[in-house]
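What follows is a group of structures, each given as structure tokens.
After this come two complexes, each holding subunit A, first together with subunit B and then together with subunit C.
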Partner chain A sequence: MTKYVIKRSLNYLVLLFVACSFAYLLAASFLNPYSVYFGRQPPVDPDVIESIMRECNLSNQVSLWERYTTWLTKIVTDWDWGCSPLQVSVNEQIGMRVWVSLRLVLIGTLGGVIIGVLVGAWTATRQYRIPDRVYTFLSLLIICTPSFVLGIMLQILATKANNALGVRVFEFVGEKGPMGDYPLAELVDRLQHLLLPTIVLILLTAASLSRVQRNLMLDSLGADYVRTARAKGLPKSKAVMKHALRTALIPTGTYVAFTVATMFVGATYTERVFSFPGMGQYGVDTILAMDVNGIVATTAFAGVCVVCGAILADIVVAILDPRVRLS
Partner chain B sequence: MSADLLLSSPPVADSDDDGGTAVATRIGRSRLILRRFLRNKLAVFGSCGLLLLILMAIIGPLFTGWDFMEIDKRAFLKPPNSTHWLGTTRAGRDVLALTLHGMSRSLIIGFVAATLSALLSAVVGTASAYFGGWTERILLWITDLMLVIPNLLIIGVLMRGGVTGNLAWVMLAFMLGLFGWMTTGRVVRSLTLSLKNREYVLAAKYMGLPAWRIIIRHILPNISSLMVVNLTLGVGYAVLGETGLSFLGLGVQAPDTSLGTLIGEGASMATTYSWIFLTPSAVLVFLVFCITAMGDGIRDALDPSSQSGGVVGGKRKKANKSAKTTDALSSDGAYSGAVAAVEDNAPKEV
Partner chain C sequence: MSLLSVRDLYVSFPSEAGDVLAVRGMSFDLERGRTLALVGESGSGKSVTSLAIMGLHPESATITGSVMLDGAELLNESDAAMSKIRGNRITMVFQDPLSALTPVYSVGEQIVETILIHNPDTTKKAAWERAVELLAIVGIPNAAERARAFPFEFSGGMRQRVMIAMAMANQPDIIIADEPTTALDVTIQAQVLEVLQRAQAETGAAMILITHDLGVVAGYADEVVVMYAGRPVEQGSIADIFYRPSMPYTIGLLGTVPRLDHKSGEPLPVLDGNPPDVVHLPPGCPFALRCPLANAQCSQSEPELQEVSPGHVAACVRLSEVVGKEHAEIFPTPPLERAVLAKVPREQRDTVLELMNLRKHFPLFKGALYRRQVGVVRAVDGISLDVKKGETLGLVGESGSGKSTTLLEILELLKPQQGSIVVLGHDTATLTKTQRRQLRQHVQVVFQDPMAAVDPRMTVFDIIAEPLQAFAWEKAKVEKRVFELLSLVGLQPEHADRFPQHFSGGQRQRIGIARALALNPSILVLDEPVSALDVSIQAGIINLLEALQHKLYLSYLIVAHDLAVVRHISDRVAVMYLGSIVEVGTVNALYDEPAHPYTQALISAIPIPDPNIERARRRIVLQGDLPNPSDEVPGCKFSSRCPKLTTLLDSERTKCLTQVPSLEKIGAKDHQVACHFSEALRVF
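Let's look at the complex of A and B:
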């Protein structure tokens, strides 16, 4: 298995390199970082702009190939991913934002996975009864709702609730805000800010996962070995938990492995709506700010996440399912 | 049940003229599928809703009284009233007219992008499996590469640096199609792999038919059910992708508008002037819901192992486990359904 993982990782490494180079060449030829300085009051001296651009390796007077090799050499020798047209270091930004994203999505993703699996498995045992119909309909509705719509709907409701209560219980701008002067004030404040985006993430993850889990569970509930288990006298709950759910969890494992690995970059809209300066938001910001180096670094980061997810999914299925052999 | 009926029928090319027998009434495949589809209430609801929305997008603007570009200088940020039924935006544009125009934009983008990505996935999937060797390696490698690159970022970069103004939506539609075919392409490939060694494909090959003809005449018809389902659901994906990018300001640009652009405009003031946000959001959710419900319904109707359409002819057995509603947004679901569909199609070709 180690050999297999190494072989695949090497293959993915080449893939990542090509993807980053492609992104660099595309971004560098399509975007115009000079426009960041256009229309400034007082106007910036063109020579100053040019020297900044040269320093950041963004000058359009240097040939594209030369810029590309400079960019690559810096990464290989110093692990320096460059800076934005406004001279903000990309390394620094990503170092900060990864943790913001992690703090935001960790509870949401894990909570969503657990709730999704439980709801999916439970509704499968109640197929076509009223709770099943209700949950199936609700999850379909949530899947069809983009996260930004869901997030803003919650904000509207939260404002109404805040006004009705007369105190700001629900917060929805940024990671933290002005806080009171009592013990654990910071923790309470952070939790207040986390509440709404976490609800969004839980709803979205749980909705899609419960549909997957319900289908898997339906297949395994009808399997012969579950009938055999019942026939030999096992109580229904035991047959469902030990025989049906266990096998139905194997494909979910791969799905979860992939979700967990990509969760850093998967919450772009939630981060945007709730003003969390995380990785997803960074990707959009860099495009809007014509930040070529930032875009490529985000691409690389997202690519690493996807690749890790794919490898992790392979490993998880090999561990969970004894029939699968990696070779 | 119904699958058995179909398979036991004589393998004739035109299945519509199956006669009735003493045991059970036989019906043609297309009528069977239609009947199954119509029994699924949610799917029928979805298709009616979608039809209604398309109709509204076409003839709706005639009745609103306002053009979506028109600016009413006496009504900035007005809530719904008798002159502006759904209120106005900050610039004094009518929200109803904007929503109708945005909906038609989103729909067109969705259809164009979904068609393009369906075509691409069919070409790449069948070609890589049928030719094998280096063609397969290169095509698979490109597929993997495009899966690793975050599509949202790349489309954003291209939109930011590319066409701006009123033709931006054409570019966006093509981009969404160009970056949306990979998962379906892989499914098509694995289906083609299972088909390419069938007797009728080999026979055609030894008769000297060129490869593209074999693909079009003998392989594509067998994966058509997968393609139909993916085309339908692909419209939903593309609409979501379009609205997302436009919401971020990287898609359709003002003064042109789409549902995403409009939602983005309303988002910043949603807590105080909620009508600008609520109308396009409701339309968007309803639109995607209709498309997904319809796609699910088509898949269940095409899947021979599904009993969602009830049992044809003989006695009504209580449908149990196999009448599952397969997951709309998971490609694995599409895959298993399609494999079954292929098995069902096969006898027709012999």
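Let's look at the complex of A and C:
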């Protein structure tokens, strides 16, 4: 197993290198970092701009190949991913934002997964009855709603709730705000800010996953081995939990492992709506800011996430399914 | 008081077409230690009855009547109460062992679960030890180690043993076995039935055996209930049912089955028609439409069960006339027009198909990234066969013996890996593309599953016309030919514009046969042509194939696992084991005096639907499963399972283990065996 994972990882590493190089060459040849300084009042001296560009390895006076090798050497020797046209360090930005995303995405996705699996499994056992119909309707409604609409609707509801209560219970701008002066104030404040975006992520993940899980569960509910389990004397609920759900979780495991990893850069809309300084938002911002180094770093990060997701999915399946583990 | 007493059991399910009346008025008593067989064709309500007893029927089902276990009513019990009985007092062995075990738990864990749920005081360790003990009882080698293995690491027969171990874990009062051996090879069936008997002896349980195989019933049951269209139509002791059948359906069923111990030659008596649709039952006796004795009285009301003799009841309004009648008096045997060719001796006929030293090896790869060859599967390992004009060659053997690969090699008409295939005098290795396409007309195939072998979105006309159109027949000629073919296979011209879904399995198989015959082939390859069909439908198809052969001078190459069917239809039989032919000869020589230990075991494993004969037989039960076909075996491939090997002297045994036996002529003409110590033996 370990050997297999190492082998796979090496393959992925090569793939990642190729992907990042392409991203760099594309971004460096098509974006114009100089435009950031255009139209500034007072205007910036072109020589100053050029020196900044050279410092950031963004100058169009230097050949693309030379820029590429400089960029690569810096990463390999100093783990320095460069800086934006405005001289903000990419390492610093990502170092900070990864943790912001981690808090949001991890809670959001895991919560969504747990709720999605449970709802999906439960509605499958109630197929075509009222609870099943209600949850089906609700989950389809959420799946159809774009995440920014969902976010803004939640914000409107939160504002109404805040006004009605007379206290700001729900916070929805940024990751932290002005906090009170009591013990654990920072924690409470952060949780307040985390609440709404997390709900959005949970709803989105749970809605789509519950559909997948429901179908998987329906297949395994009708399986012969569930009937065997009941014939052995397991009450229906136990047979369903222990035999049907356990087997129906195998494909979900793959899906979830992959989703969690890729969600790090995928929560773009949610982060934007709630002004959350996470990785998803950073990805969009770097493009708008002509930040070549930032874009490539985000791409690399996303690539690592996908690779981790793929490896994680392999490991999860091996844990869940003895047929994969042993053959 | 009986252990289990079922009275007036009715089960129905709602469906889009209307209520499915799956079981209608089932009543029986089951005593301790006895075996009751429920017999009937698919859809007759056997399995639904057993699921209703277990309380495992679909929740939408409506059930009335009474099921009493030791005087306590089981119907309408809660799931919790039934859970205490299921797996403890009544246990079940299901049909398909490949899907009946949960794939993600080891077999040991699954048995332990059964033990612990009913004995919460038992420690996990004790339960595990008991599980290992049970696995040893049902004949799983290295039980302690194998208990940790997962279901996918077991063969079908071994999984069914695990199911039986699970069913006997809590010393049940009743074991219900629902078609326990249908999905298994005959040799494995014999093993599993033996284990099932051992389980019954060990626990003293009563058994309900659900099966469509009358041979299995003859060997194991004490009492029999024959079901038809959801209704018990005849009930009695095993002797009553087999020797004094009194309901025309039972009589017809018993007579229509080809028998292993009867010489072939005459057509089979036929039970015409199909079982009725249990959603829209016609009034009167459900069998009336197929019964040659039916008169106006039969379609008025459904007959009740009447006593024939004490303990023997049958449902027929004309019971007094039926009792004592022989099969042949009720069910006429259709005449068979024999071809002139049938009188021509084999040696003087043309050879239409010849295989010489045919070999097909599949390389075995390993590794996900860097695939490397780790071995070779010898699917077909140098076989030679020939089929003459108008003759039927049967190819038999367990699954994995290479029968299907042989058929595919012939149908492809390509140059084989090694050896040669000669079809109607053309060596397939030397054919050009056009010649190969032309030759394809002469070699056609009929598949096993008539449901899957025809395109559900094409009309019968289109299905049968397709091969003609592929060879650019004129439109007018195509039309004429299709109608000709329809009548040839016993279908009506008005069937042409219907879709396959409107036909029963037997009729679909007729469509498949018509399609195969469209281009006037010389050779028909039949891959398990009747195994997917119900017993009463089989005979019609077998007779059709025989009649067509005589009419059109066809040569058949038939693969079938039912050796009784093969005996009936074939002129010659070849027995395959792990890619080689171990015995070949005329059908009567091979069945009456099989000389290879494998052939003997194979024939011996087939049950005969006659209780006295079946119970007096001494069965040769092969040990274990078919070995891995990629293993390198220096001597005889069969040596690992050969029952004869143990009776040999050490010096003789060395010969078996080191020298590969070749096919040698023995006894009568045209009988060849590949065994160093072959010896003819009668096995029934």
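The working rule: the second predicted complex is superposed on the first by the 323 of 327 C-alpha atoms of A that agree within 3 Å, B and C clash if a C-alpha of one lies under 4 Å from a C-alpha of the other, contacts with A are read in each partner's own complex, and residues count from 1 in each chain.
The rule is simple: a contact is a pair of C-beta atoms (placed from the backbone, for glycine too) under 8 Å apart; a residue touches a chain by one contact, two chains touch by 3 or more.
It should be emphasised that the depicted structure is a prediction, and the values quoted were computed from it without experimental measurement.
Novice: Is A:F22 in contact with subunit B, with subunit C, with both, or with neither (first, second, both, neither)?
Specialist: first
Novice: Mind working out whether A:L234 is in touch with subunit B, subunit C, both or neither, as first, second, both or neither?
Specialist: In the superposition, A:L234 contacts subunit C only.
Novice: A:T268 contacts which: subunit B (first), subunit C (second), both, neither?
Specialist: first
Novice: I'd like to know which partner A:R190 touches here: subunit B for first, subunit C for second, both or neither.
Specialist: Neither: A:R190 stays clear of subunit B and subunit C.
Novice: Would you check which partner chain A:L218 touches, where first means subunit B only, second means subunit C only, and both and neither mean what they say?
Specialist: Touch status of A:L218: first partner only.
Novice: Please work out whether A:T299 is in contact with subunit B alone, subunit C alone, both, or neither, and reply first, second, both or neither.
Specialist: After superposing on A, A:T299 lies in contact with subunit B but is clear of subunit C.
Novice: Check whether A:K74 is in contact with subunit B, with subunit C, with both or with neither, and answer first, second, both or neither.
Specialist: Neither: A:K74 stays clear of subunit B and subunit C.
Novice: More residues of subunit A are touched by which chain, subunit B or subunit C?
Specialist: B
Novice: Which residues of subunit A are in contact with subunit B in one complex and with subunit C in the other?
Specialist: Shared contact residues on subunit A (touching subunit B in one complex, subunit C in the other): none at all.
Novice: Given the complex with subunit A, which residues does subunit C contribute to the contact?
Specialist: Per the touch definition, subunit C meets subunit A at residues 54, 56, 79-80, 83-88, 91-92, 94, 96, 99-104, 106, 110, 113-114, 117-118, 150, 152-153, 163, 166, 368-369.
Novice: Which positions of subunit A touch subunit B when the two form their complex?
Specialist: The touching residues are 12, 15-16, 18-19, 22-23, 26-27, 30-32, 127, 136, 140-141, 143-146, 148-149, 152-153, 155-156, 159, 208, 211-212, 215, 218-219, 221-222, 251, 265, 268-269, 272-273, 283-284, 287-288, 290, 295, 298-299, 302-303, 306-307.
Novice: Touching residues of subunit A toward subunit C in the complex: what are they?
Specialist: For subunit A paired with subunit C, touching residues are 4, 7, 11, 223-225, 227-236, 242-243, 246-247, 250, 320-323, 326-327.
Novice: Per the contact definition, I'd like the list of subunit B residues that touch subunit A in the complex.
Specialist: 141, 144-145, 147-150, 152-154, 156-158, 160-162, 236, 240, 243-244, 247-250, 263, 267, 270-271, 274, 277, 281, 284-285, 288-289, 292-293, 320-322, 324-330, 332-333
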